[in-house]
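In order of appearance the chains are A, B, C and D, and numbering begins at 1 in each one.
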Amino acid sequence: MIDKRCPSVADAVADIPDGAVVMVGGFGASGSPIELIHALIDHGATGLTVINNNTGNGEVGLAALIGNGQVSKMICSFPRSSQSRVFPKLYREGKIELEIVPQGTLAERIRAAGAGIPAFYTPTTVGTILADGKELRQFDDRTYVMEPWLKADFALIKSEIADPLGNLTFNKTARNFSPLMCMAATTTIVQTKQLVPAGDIDPEHVITPGIFVDRIVEVSRPVHEDTLIAAGRSYP
Amino acid sequence: MIDKRCPSVADAVADIPDGAVVMVGGFGASGSPIELIHALIDHGATGLTVINNNTGNGEVGLAALIGNGQVSKMICSFPRSSQSRVFPKLYREGKIELEIVPQGTLAERIRAAGAGIPAFYTPTTVGTILADGKELRQFDDRTYVMEPWLKADFALIKSEIADPLGNLTFNKTARNFSPLMCMAATTTIVQTKQLVPAGDIDPEHVITPGIFVDRIVEVSRPVHEDTLIAAGRSYP
Amino acid sequence: MSEGWTREQMAARTAQDIPDGSYVNLGIGIPELVAKFVPQGREFIYHTENGMLGMGPPPADDERDLDLINAGKKYVTALPGAAYFHHADSFSMIRGGHIDVCVLGTMQVAENGDLANWSTGAADAIPAVGGAMDLVQGVKNIYVITQHTTKTGEPKLVEKCSYPLTGPGVVSRIYTNLAVVDVTPAGFQVIELAPGVTFEQVRSRTGASILPPQ
Amino acid sequence: MSEGWTREQMAARTAQDIPDGSYVNLGIGIPELVAKFVPQGREFIYHTENGMLGMGPPPADDERDLDLINAGKKYVTALPGAAYFHHADSFSMIRGGHIDVCVLGTMQVAENGDLANWSTGAADAIPAVGGAMDLVQGVKNIYVITQHTTKTGEPKLVEKCSYPLTGPGVVSRIYTNLAVVDVTPAGFQVIELAPGVTFEQVRSRTGASILPPQ
């Protein structure tokens, strides 16, 4: 019988090695798999390349992972925000590398990796410094830039409902990059608020089919980054 | 107020001109918008290029449209099937053109059109005669072929539930190419089994967001190609 | 700030140019105010990059859903007929030309429609682009709402942007506190002056040649 | 057909090589029979190109759902834990390397793993490729089930395919009525002979050099 359940967040992330490329779901606080990130902090892998739209907020979750010195490179579209202090400090000190990718190109590069598409063309960044050094090409009299797929070794994902086969649903705008990252990582690790038997999710309502998921941990009362920050928390 | 409802299938297809490129949803009989296709037969536009995975069955629906001499070119992955006689006859007589596209490439080219991606690379067809004349390129020591987007002027789509904003759901494997075609056509015309007020479809369960849909006609008791063929029916 | 249109008036003026039934993406800042001034009898559907169509107004503080935010990471609501989707679908809507209007703030706009609104290019600036470059390339009509000059009085409508571009030749219309200005093949063209503002005032605060209302 | 394995036995033998928990795509014909012979204690999840994971066996005639079919356009069922998705997602699973095993029928297989199963190349043939070229390029393991020779006795395992290729060098293992044959850097390699079949019989009906079981 197929059963992708994993007993704890610690077990789920235990084999992430130093130097791994890790996608982290979420857009800002929404959809951020805080418990899995904190487990990765406890686990201690370093030299990570992390792919996320942002760079975390406050001193919990992704910001805490960065602050703990475990991340050597961020690939994201928007590394600043009102409560983002950890990344800017390390970046200015030259202690962390940054690859800036427009948000839509970031999403499409991740999808391409999951879909077996090694490269595609997009109009985004044409005529800007972010296209410097990239290959340009004309189609139908318009100029496009070629962008390569973006793969990862691991993805850390937060879902709303999951079954033991790995079928997932998400909650509102917490969906964001997560279904794409599930497709693009060699090993996709999911924390879910609710774990239900196979068949309980209507096949019409599955957002991420189980084929894209490797491990599931139930975290039935997940903390939310916004709540932690409002409470002045930090991790560890 | 936004209301994309259209009074009849005849009204819905009335402005499809001769020579239009028309995507038709469905995979074989499943998801085929029979009533819209029959309205297009009544309407009489000719010289159409039709994009569908197949070429219809029996003498109803897509096969009837082809048999009526309205289609000058088919773009599809699999123009044969056990009950497909109309297309093979016309093809052998040199009366209809055929562009054969592998099924996955067909789906991805349609999605690309809807997503603003003018071209992408795929491993599919590399080393076969279907890659003849196409541009090849190496990525990570593997060879890929470049494929362009595939757009249409109109898409004819069958949905299960729709609301007046154009949000859609589909029924089981009748989903197939339809959500992609909704994205890729300038004007997307939908026949739906059930029309409900805006808000009745859970935002989590919407498969095709209304932004991709232009016209909706309620066809509350749609005929099914399999049923028509079993009954020996033909159209008109 | 005290002359010409207020922020709210700029937003209201912008809203008047958006046709009924439009799919609209609003940038952070003054553009967000457009949603408060939808002309009577019209309906706009709001898209937010992080995966929703049918975005509604902010919730009351005690009705917040932590998982329902907009691209500016503010709490929002969902209207009847809303839909959620993932980022690749969301940016397919943008890049694929499905969104009718995007209203953005800016640092500079050039007379050829070049937009610079993502980076000062300063040596110590941390680059952060978000979805701006996708929006300007993909959305059918790019409108800009901005004060006519910076806080220190520098023109924001210029011959050539000195800041790094978000996109070349992408802006079609500009709503400032002083005027509504079109980007035309002949350069900036004033379409309408704010009440009490003269063309000469607009011209003197514009960093490029600009044509008077016709 | 009367010698060696039957169609069912070929399918059963194939099923034994598929690990528990595999995501499997079965082609039309003999490959479909694999689903009947899942070894005890194992579970496979079946993918069908037209948009479903968790495909179950055919329904009773009176329980057919006209909108629930497989890629061969036959009526099927959905098992608990199934999921529906559109064609781009379905072929992302294929092309993106997410499917573990695909079992296909064939017209010819060459000693270098070339597969020809979509067209005879005859002048009056109507080309029809379906998803075959996507499957052979994308799925991790391509297994072929086929009679060892055509009905007229021509070898289907050959030095070089005379029919147009579906994909070059894609097949890893072949299950015929006579033997299980691996495609190796040294060419065809018999892994197992069907009961009562000699290596000499296999060799005489193979259109390329073939190595005996080790």
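Descriptive notes on the structure:
Basically, a contact is a pair of C-beta atoms (placed from the backbone, for glycine too) under 8 Å apart; a residue touches a chain by one contact, two chains touch by 3 or more.
Being a predicted model, the structure only gives us computed values, none of them experimental.
Distance between Cα centroids is largest for the pairing of chain C with D. Across B-D and A-D, it is B-D that has more C-beta pairs touching.
Inter-chain spacing, taken between the CA centroids of chain A and chain D, is 36 Å.
If each chain is reduced to the centroid of its CA atoms, chain B and chain D end up 29 Å from each other.
The distance from the centre of chain C to the centre of chain D, each centre being the mean of the chain's C-alpha atoms, comes to 55 Å. Counting only residues that touch two or more partner chains, chain C has 52, 78, 84-85, 88, 91, 94-95, 138. Residue positions of chain A touching 2 or more other chains: 108, 111, 115-117, 122-123, 170, 172, 203-204, 207. Chain contacts in this assembly follow no simple pattern; the graph is neither a line, a ring, a star nor complete. Applying the touch definition to every pair of chains gives A-B, A-C, A-D, B-C, B-D. In the complex of the two chains, the chain B residues touching chain C come out as 1-2, 111, 113-117, 163-165, 167, 183, 197-199, 201, 203-204, 206, 209-212. Taken together, the chain B residues at the contact with chain A in this complex read 108, 112, 115-123, 137, 139-140, 142, 144, 148, 169-170, 172, 203-205, 207. Looking at the complex, you find that chain D touches chain A at residues 20-21, 23, 43, 45, 47, 52-54, 78-85, 88-89, 91-99, 138. Listed in rising order, the residues of chain B touching chain D in the complex are 27-31, 77-81, 87-88, 91-92, 98, 100, 102-108, 110-111, 122-130, 170-180, 207, 224, 226-227. Touching chain B in their complex are the following residues of chain D: 48-52, 65-70, 73, 78, 84-88, 90-91, 94-95, 124, 126-134, 137-138, 164-169.
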